[in-house]
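You will see two complexes here that share subunit A, one where it goes with subunit B and one where it goes with subunit C.
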Partner chain A sequence: MDPGLLAQYVFNGLMLGTIYAIVAVGFSLFFGVLDVIKFSHGDVVTVGAFSAFGAAGLVAAAVTLPGPLALALGLLAALGAGAASGMLIGRVLVLPLKNAPAVNVLLATLMAGTVLREVIRLGVPNGGNPKPFPALLPEGVLAAGSFSVGIDSVIILVAGIAVVVATHLVITRTRLGLAIRAVAQDGEVAQLAGISFSRTVLGTFALGSMLAGLAGLMLGLYYREINFNMGVLLGIIGFACAVVGGLGSLIGPILGGFLFAGIQTGVTVVLPFTSAYKDVVAFAVIILLIGLFPTGLIAEKSSERV
Partner chain B sequence: MKMKKSLSALACAALTALTLQPSAGFAKDTVKIAFIGPLTGGNSATGLGGRNSAALAVDLHNAKPDAKYTYELVPFDDECKPNVGVQVATKAASDKSIIAGITHYCSAVAIATVETYNRFGLPVVVWGAVLPEITYGNDFKEIHRVNGTMINEGKMAAEFLTKQGFKTFVVIHDTTDYGKGQNKYFAENLKPQGGDIVATFAVSPDQQDFTAELTKVKELKPDVVFIGGLTPLGVRVRSQMDRLGIPAQLAGVSGIMSAGFIEGAGQAAEGTVSFHNGAPLTKYADGKAFMDAYTKAGYREDPDAYGPFAFSAANLVMDAIDKVGPDRKKVRDVLNTTKGYKALVGEVNFDDHRQNIVSANVYVAQDGKWVYWPDSAYAAGTKKLPGKTAGN
Partner chain C sequence: MSMLQLAPTLDTANGRSVGLQRVVVALTVAVLFAGGGFLLHTEEQGQVIALLAAFVALFALGEKLPAGRRVAALCVAHPGTVNLTAAVMVLAIAAALREEHYTLLMMATVALFATAAAGLTLQMAFAGVPNFAGAAFFAVGSYVAAVLGTSGIPHLLVLVIAGLAAAVLGLLLLLPVLRTRGHYAALVTIAFGLLLRSFLEVNDVLGGPQGMKVPSFSLFGLSFSRVTEIGPYDVSFYLPYALAGCFLFALAFAVVRRLEFSFAGVALDAVRSDEVSASVFGLSIARWKATAFLMGNALIGVAGALYGMMNAFVNPNSANFGDSLIMLSILVLGGLGNLWGAVVASVVILVIPEKLQAIQEFRLVIFALLVIAILRFRPSGLMPRVTRDFSSFAKEG
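For the complex of A and B:
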């Protein structure tokens, strides 16, 4: 195959993988700290995307902003809305149910996701239609032979990888990270050591949901189009990546994200005319891997079967 | 005491109403016709436009001094869902006071309900669904259709694009009946015209990322990328083509011919070609009169692409009832033999499957609007289609 086209495929895969990884890390964080699955995570991605869209759009209607400022505003809106909805869901749905069976939290958050989705569909003017996302990043295409990639895509990819690294640093190097790890290992002992349980849990929900909000902004910038149900499949893919990589660990979901994207892209390369089945193949591989590695590729230290 | 007073007042009012009603009824009988379409949900813009247009037809007809009957339009919401559609179709068809129906925009709903209308013997005229099987897949005498099918659109697309000098095509279609049908009729008609399909991608209608498929397209270097699907698919493929630097021409069926496509794809929409059964309102002889009456009636929603068809279907049904009276069987027989009927959307001629014979029209996205091809700067030669300037 032409090396330029090969590079193109690799880049497409990396791009998708980064977005999947960021969503998957959120799932893993929540599970690590509270052993819950927060299924509204995909819809928080949508909330982030629409908040950035709304903020950038509203301000652009009033005053003309230079690109970087509008981008900063969109970023703030995405992070803020992500953190706010994550903390709200954590406070109202997850913490009160912490002693209930895990399936209750799963159901409650699944429904919360539907509420978020419908609020966007019904609340945003013409919310049922796809919305064009403003191009806030520099335009332009880098081309070499048959390989061509937008400058904006490169920025998004680099930023995405930086965010994954930053999350790792937050977990391993900060007091919040220490608290999260302590609560994850044993909530009661952590409380005895003077760590506030509910504050740590809410902090984790804020952190994970900020990642989701950011993923929403990245998706908007990359595809230049957002819609109210973009988070549904993404949530399921993110969850699958987290499970196959190892729920509760940080590296596992990242690995899972790139693996899933790699399979999806690979199917289209090897069997181009079966691209309709690429999700089928990718999820089949995930099922197989879950069968082979029930605790994930990289298991949580104190591993539990899920 | 007070209570008694108000009660007697009420009784008085009721009595007056009772005595008044029959006197109005003596003048003209009221005949009910049903309108069924998506009045809520993602396709409600088209549904409400159709309902308003049909209601306008009824009001104009009732206002005629020589009108035989007073018509009443009974609207039903099929939500663009086949199961809901069958429910409301049964409700309308089993109501003996409803003589005929103007039914369905969504193909999946229209195809699911044909048997219901046949079983209950309710003559209907489809006003918006384009799936060929609705009329051609059965021999139910109750089912008629004023708008064209996707066969016309596919044929026109194949003829037009090859005439423009495009030779190689890639088709990206969604895996619903709609997308598959569009693919089938385009491919069938392209071959005799000498066009060559180098690849066909069947994709899910809500797929977001097309970079893998489009990288393959880049390798194949077709002249045209043809979309068999609805607006969201068109928008995504169009904007991702740009990112990957694919210079091919984009063309798609009426499913992408919406304001949403132009809004969604932005600048990149320029020069996209689409094919639609309806002509612009201004091209119809009575188009202006229709638009004036529509505006005067003060409806909140636009008539949308299929409003004129709903208007024409309503008139066709009412004229048939005027002719033979409110009898379902007789009305069906009159509708069956419709030939040379003058309607807003042109002459209506039903073939042996009660399908109106229409030809599709070509549109192009120009300066943020869908423009009728013969009126566009592209046809005049002052602008060149993007697929041509790229040197294909």
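For the complex of A and C:
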């Protein structure tokens, strides 16, 4: 195969993997602190994308902004709306249901996601149709032989990887991260040590949902199109990546994200005539992996919880 | 001697009051079903709203007033009367509305979704195995009907094969579902649903995105779509489907009820509520979960096959995740483990949006909020599952 084309595929795979990883890390964070799956996470991604779209669009209608300022505005809107919706769902739905059976929480948050989705579809003018996302990043193309890639895509990829690293630093190096890890290990003991349980949990929701909002912005910038139901599949894929990688760990979901993207890309590269089956294969591998490694590839360190 | 004399009088008094109780139960059920039938039929917005208000009021009375609670308890105490009245009322409604295509279509849809909900009840409410791919197994049934319907195999047998096919496909998921619990098992089924749907979409053998035509059901050479009159009466061709759907639900109801009240039901509940103690008592967790999962899928598949034959076509969209969620909403809204609850919830979720044009656009939001409210404030559903009472067995020794 042409090396340039191969590089193109690898680049696309890395991009997808980064976005999946960012979403999956959110799932893993929530599961770590509260042992719940917050399935509205995928739709929080959509909320982030539409908030950035709305903010950039509204302001652009009033005044003409230089690119970086519009981008910063969109970023703020995505992070803010993501965090707000994530915390709201956490506050009114997930925290009160924390002792309910796992499936109830799953269903309740799925339905919360449906509400977010439908609010966007009905609330945004002509919300049922795909929206073109404004190009907020500098134009231009980097080319090397037959491999060419937009500067904007490179920026998105680098920013995404930076965000993953930054999240890792937040978890391992800051007071909030310490609190999150303490609550994840044992909520009660953490409270005895002076850590506010509910504040930490809400902080985790804010952090994870900001990541989701950011993923929404990245998707919008990369594909130049957003859609009210773009979060459904992404949420499920993110969840699958987190489970396969190992819920509760931080490296696991990142690994899972790149694995899933790798399978999707790999199927397209190796068997081009069956590329339509890439989702079929990817989900089949997920089911197989869950069957083989029920605790995820990187298991939660449950032995430390004795 | 005095004891002997006393006994018969007590017995007759008891007999009379039991008879009275049965009448009360029969009347209650008859009124509820008549209301439901009217709701299915009426198109006028005012009437629909009034009827819904009446149902809500009745429900509230049954919950809050002592007399209402007593009637509800009587209904629980006389399941035979309830079932008989229900069957008679269904026949009566079908007879009265025999020419109404749309009403009968809706009646059949409710019955078939309630049948699928019975399958999900076995899996989720009894064995505790989550199944977030109900619509996928339902669609499997429809596709089997599409493929085998024209092959000359008797259609009753096609229904059975459809059930078996859904169960066999479930078999593929068995290992991952059994090795995992809670969200993980849920994810396996979600992933399977998505997998099946994208498979159906890209696979040309099964019609691709356009789907397939499904031949109409024919019973002993009588094609349901050709039925236009029975004796002197003109009838809609949906009438036989409505009756067949209700019959299928009755069958599923009987099976699930029988199971619930047998040792199997107790074993399944034990497996769900505490795996460790269940295995200490010698129950094989894997075997019971597998049994419930496969049986549940079989029921869903059979219902799906008849549904496909009624609609005359099936496409990959029938296997979509949203529809699986609607099935789960039916289960949760009605009350996990209560099949009558599933019927009520099917009516709420499938019929009311068709009837109230004002909410059609907002139906998904409304259901989502409704399910959230139920899970948050009344997790046992509108009609909570009734605890089994085996005390009569104990008395008999």
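To be clear about the criterion, the second predicted complex is superposed on the first by the 302 of 306 C-alpha atoms of A that agree within 3 Å, B and C clash if a C-alpha of one lies under 4 Å from a C-alpha of the other, contacts with A are read in each partner's own complex, and residues count from 1 in each chain.
Here is the rule we go by: a residue touches a chain if its C-beta (ideal position, glycine included) is under 8 Å from a C-beta of that chain, and two chains touch if they have at least 3 such contacts.
Computed from a predicted model, the values in this text were never measured in an experiment.
Visitor: Tell me the contact category for A:Ala143 with respect to subunit B and subunit C: first, second, both or neither.
Guide: Only subunit B; A:Ala143 stays clear of subunit C.
Visitor: Which partner does A:Asp186 reach: the first (subunit B), the second (subunit C), both, or neither?
Guide: The answer is neither, since A:Asp186 touches no partner chain.
Visitor: Which partner does A:Leu122 contact after superposing on A: first (subunit B), second (subunit C), both, neither?
Guide: Second partner only, subunit C.
Visitor: Contacts for A:Leu233 in the overlay, against subunit B (first) and subunit C (second): which applies, first, second, both or neither?
Guide: So A:Leu233 meets both subunit B and subunit C here.
Visitor: Which partner does A:Val243 contact after superposing on A: first (subunit B), second (subunit C), both, neither?
Guide: second
Visitor: Which holds for A:Ala276: it touches subunit B only (first), subunit C only (second), both, or neither?
Guide: both
Visitor: In the superposed arrangement, does A:Lys131 touch subunit B (first), subunit C (second), both or neither?
Guide: In the superposed model, A:Lys131 contacts subunit B only, not subunit C.
Visitor: Identify the partner contact of A:Met15: answer first if only subunit B is touched, second if only subunit C is, both if each is, neither if none is.
Guide: Once the two structures are laid over each other on A, A:Met15 reaches subunit B alone.
Visitor: Tell me the contact category for A:Asn104 with respect to subunit B and subunit C: first, second, both or neither.
Guide: A:Asn104 sits against subunit C, while subunit B stays out of touch.
Visitor: For subunit A, give the residues common to its interface with subunit B and its interface with subunit C.
Guide: Shared contact residues on subunit A (touching subunit B in one complex, subunit C in the other): 233, 276, 279.
Visitor: Within the complex, which stretch of subunit A touches subunit B?
Guide: Residues of subunit A touching subunit B: 2, 5, 8-9, 12, 15-16, 128-132, 141, 143, 146, 148, 150, 153, 219, 223-225, 227, 229-230, 233, 264-265, 267-269, 272-273, 275-276, 278-279.
Visitor: Which of the residues in subunit C come into contact with subunit A in the complex?
Guide: 124, 130, 173, 175-176, 179-184, 186-188, 190-192, 194-195, 198-199, 201-202, 321, 325, 328-329, 332, 361-362, 364-365, 367-369, 371-372, 375-376, 379
Visitor: Within the complex, which stretch of subunit A touches subunit C?
Guide: 37, 93, 96-97, 100-104, 106-108, 110-112, 114-115, 118-119, 122, 232-233, 236, 239-240, 243, 276-277, 279-280, 283-284, 286-288, 290-291, 294
Visitor: Provide the residue numbers of subunit B that touch subunit A in the complex, in ascending order.
Guide: Within the complex, subunit B touches subunit A at residues 41-42, 175, 199-204, 206, 208-209, 211-213, 215-216, 218-219, 231-232, 235-236, 239-240, 243-245, 260, 263-266.
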